[in-house]
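The two complexes that follow have subunit A in common; it is paired with subunit B in the first and with subunit C in the second.
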Partner chain A sequence: MKRLLALALGILTAIGGFVDIGDMVVNAQVGARFDLSLGLVVAVGVLGICVFAEMSGRVAVCSKRATFDLVRERLGPRVGLLNLVASLIVTALTFVAEIGGVALALALVSSVNDLLIIPLVGLLVWLVLWRAKFSLMENVLGLLGLALVVFAVALWKLGPDWSELGHQLATADKPADETWTTYAYYSVALFGAAMTPYEVFFFSSGGVEEGWTEKDLGTMRANVFVGFPLGGLLSLAIAGCASVALGPLAIDVASLSQVALPVGIALGKIGLAVALLGFVAATFGAACETGLSTGYALAQYFGFQWGKYVRPGEATRFHVVLVVATFLAVGVLMTGVDPILVTEASVVGSAVALPLTYFPILVVANDIDYMGAHRNGLLANFLGTIYLVLVFVAAVAAIPLLVITGMGA
Partner chain B sequence: MDNRLDSGALDAALHLLDRQVTDKDGLLVCKVDDLEVSFYADGSPPAVTRILTGAAALVPRMSSRTGHLLRERWTSLGIQYADRDVPLAIDLHLVGHVGSDIRLKVGRDGLLDRQPPATEGTTLRRMGELLGMRVSSGHPELRGVLLDVRLESTADRFVFRHLVVGPGRPGSLLGYDRGDFNGPWLVAAAVKRMHRHVRLASCAAIEEADIDWDRGVIRLDGDTAVGPAAFDA
Partner chain C sequence: MGGRVRLIAAVVAVLLLGGCGVRSGAAESESGWRTEVDQTLGTAVSSLGTTMLLLENQADGHLTGNYVVVAVRDTLRTLNTEAQAFESLQPPASEAAANRRAVEALGRAVTALNAASTAASAGDRRAGRDALRDVRRAYAALQDLRDRLTEAAR
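Right after this comes the complex of A and B.
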């Protein structure tokens, strides 16, 4: 159990990246429309986030500098500010969406209108951010989020033609009734979701919060190489379920209840209950991840004390940021905006934030001043360079594709 | 981690600007938003004398080279405050360690106070104004802008030793000129190519009067000692 808990940071980080409220719906959408033909994109994204999360984690372990410190140190105040604004668009908008997502999941359970639940969820999230110990937060939410494994069980129970699924996955064969532009749009969206910048903000700052030292490099790597692939598998399982159960019915997935539908078909009430528990935990976990990341990014840009490793009284500005962010999120949601739409809009910020976040990590991970003996090896540099180019291409393509396809319609 | 103060040589933009300042207990204090540069009337070389921080230091660095426009706007937003344009300052004798952070020898409570005015015989300027200034010189190898300043640490100040001059923007060297860097091949090749004309110019003869602060030009004599910036150790 202790071994498993040591991996909670990686698991929670990955949940926020791969199966937050927006991704769950997009994964199911993609599964229903494209079957598993976009599965390779998820695999490519998993490897990419592993490469950079490991790098950022290593920098945090060796130098105690989290990712946004590096952004400002290497890009300077002006370009750093540009990245800060873009990253806040992604992170804070996702935070808004996740609070809405928790409310949507609870609304499925209770049948109470989600607008009534939102303020309560906001209060709960803030209490956790303010009061709960970092380790307690990551352990509880990371473990409960694993309830989403029920999608993998459901997929197995639905008894699909495995060789057919494997074929779709391996050949990346675009279904005939979809255009190449929508195919490209969803590729970029899935890749961007896998590599969202707040994952490295959260993971590297979490490493500092946990007080990792050079002794813990192994633990850090285990977090990366278990957490993110697991997140990728969960997202593939959701897509697979939707492909098998919803694809033939030509259902266009737009809500959380439709995402849960295949589990209901395969495993009945119990399965559905577990899936709902997973929804609540994953969205709540993602809310904590993005909320904290908002504070981390701001604090690390401006240099004030951050983190839950000190008492709230020693990091007062950081906690003020969290309060204000939560208030704003609840305020935005009370307008009745659809949280799922909010996460899709946050892609715009990713276009700027992705390259400006990963470039400084790659540079500093080679800097002997920070890293001492733990500088990047050949493999990390080789993969890092390839992914930097990929990230750049995705960033350039994201907004034109968004406009051309009308958000993938 | 190595202390840059022990080796004696450090770069203003690369090792100091935008770094995190921490106190003796490891708590976070602020960022190095800018550096105070003192010019001396007695002819001794200019030196970095204080760490500057706060909005009054950061805002001017956001705008174009000289930062005048944003600085004026920032002041005009609080025209009634006498200290609107005066940043907060930390004396260099409080700095104990320069590594991936700037570690102080004291606690952070009540630490930051406004930058004191210049004393007799000194003129105070900021590193943010100086970096990015165009270098005009009769020397054939010196072209481009001031990319960084190489400093030598002494007891209470970091004395100017060399100006790093070349085309491009301050910060774009990414530390590759230091020679102990084995970055990813693609980035290293691009930076080396971009900065193949970078030179180190001696600061021995530089005075405040050589610098046109309004137009952003540093005039260096044609007979300034110029050396190559080492890319490979």
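Right after this comes the complex of A and C.
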């Protein structure tokens, strides 16, 4: 019974923790402009993150060590450094975007200017990273993130033409007033948002933090293969809501307030309040995950003590990284930069960094010395290779598409 | 001393020339201007459409006051940024009249959103109704202008 409860909790947390600011903003933008015609990209991205999260989780279980640690050892310091730099830049950018997202969500509740809220959010994030237990942080924020299910309810309440939505999902076509280059740009952005590198590093480091053993492999796989796809459905619900409520009025999503609007229209003040709670939980949870991921990445590469399973005094350099990262993120946001722009940049940056992040995981997951009997099988290698080709194409196309379309304008 | 003065003068001259270079760019090409006007009017339509939904649903009691205040402020900021960038463009001579119409329409859109923002902040229902009427009017006018300019480009 206890094990079943743990399984259910893990799945619920995975669903609630799956969506972050990048998923919310990009899915709403795409829904309003392209309806659900890019839904297949979300599905492909979700399957991709499942494949690599399962691999990195298995690596953590078998080796009791996290990904960066093994990448440096297996592929050498130079390749490891490349992996570190690419992932760290994107993760730091995502961290900035998530803190900004929390501030924007709280501004929608309080009507206080988000610049005044940002330092408070930074302080709260740092306090959670410093003091809160890993499992408590993950479970509470993941469960509160489930409030985003309100988008699925709102979509149902908005009463769309379901057969039309189904048709859009099944066909890769664009609206007449959009170009194929913007279509391709948003495909890459959606793919990058779904496959954000920090998710995989956080997942494997979390496995080490929680001391996963081979007995936990089943739970880990259930979290990944059930929780993540259900989280992906939330992304599609956000896109669906934007498509039905905002698309007909030719509304482009440029702010977080617009993402929540369809829920208010469909479900009124209570629905709106639940959506805003979901925003705060999802962005705060992702801020904690990305913040920790910056610390994990540096500590695992340079080999100093890391993690929340030891007291802060025993992992001082790890905690110094967290403080500095939080301070820098707040500093960047206090310049007045639009967090939504940072979010858009982070998802495209994520697409660029994907090959450098995922290739080493595939290599390590095939190493018999680390993985023993649990090294990659035929299916994992087949999917992993296909996804490496996909992430390579996305990485090459990302910057040219960003320039040609003027960030999807 | 004289050398230092000359150096400072040279730096100032370079900065001034650089500044002039930035400000006195060539006129946009016709197709470039059309892309810009389409994008800017599209943003304006989007901002007005969002505000329309916000005010309508607030009047129906679907949205909280704080949320509407921030959301309208967001749309106003988006439109202001886009409108200012558009106004700084130098249109091609053949599009001067159309450019003037677009700038005037954008000005009316900004005014309507300002009124909506003020009404939302004050929580004034009557002003909110008036603002909604103006926003609807500006939305329809901008849609119409955008369609006409797009049509003329074909």
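Just so we're on the same page, the second predicted complex is superposed on the first by the 383 of 409 C-alpha atoms of A that agree within 3 Å, B and C clash if a C-alpha of one lies under 4 Å from a C-alpha of the other, contacts with A are read in each partner's own complex, and residues count from 1 in each chain.
Following the convention adopted for this analysis, a residue touches a chain if its C-beta (ideal position, glycine included) is under 8 Å from a C-beta of that chain, and two chains touch if they have at least 3 such contacts.
Note that the structure is predicted; figures quoted are calculated from it, not measured.
Q: Output check: A:G377 vs subunit B and subunit C. Expected answer is one of first, second, both, neither. What do you get?
A: The answer is neither, since A:G377 touches no partner chain.
Q: Of the partners subunit B and subunit C, which touch A:E314 in the superposed model: first, second, both, neither?
A: first
Q: Could you look at A:A273 and tell me whether it touches subunit B, subunit C, both or neither (first, second, both, neither)?
A: Only subunit C is touched by A:A273; subunit B is not.
Q: After superposition on the shared chain, which partner residues are touched by A:A107: those of subunit B (first), subunit C (second), both, or neither?
A: Second partner only.
Q: With both structures superposed, pick whichever of subunit B and subunit C touches the larger number of subunit A residues.
A: The partner with more contacted residues on subunit A is B.
Q: Go through the superposed model and pick first if A:G159 touches only subunit B, second if only subunit C, both, or neither.
A: The answer is neither, since A:G159 touches no partner chain.
Q: Considering only the touch criterion stated at the top, classify A:A254 as touching first (subunit B), second (subunit C), both, or neither.
A: second
Q: Does subunit B (first) or subunit C (second) touch A:G218, or do both, or does neither?
A: It touches nothing on subunit B or subunit C.
Q: Could you pull out which subunit A residues touch subunit C in their complex?
A: Listed in rising order, the residues are 107-111, 245-246, 249-252, 254-255, 257-258, 260-261, 264-265, 268-269, 272-273, 276, 409.
Q: So in the complex, which bits of subunit C are touching subunit A?
A: 39, 42-43, 45-46, 49-50, 52-54, 57, 61-67, 69-71, 74-75, 78, 143
Q: Could you please specify the touching residues of subunit A with respect to subunit B in the complex?
A: 62-65, 69, 72-78, 80-81, 299-306, 310, 314, 362-363, 366-370, 372, 375-376, 381-382, 384-385
Q: Subunit A touches which residues of subunit B in the complex?
A: On the subunit B side, the touching residues are 1-2, 4, 15, 17-21, 27-31, 33, 53, 58, 61-62, 99-101, 170-171, 174-175, 180-187.
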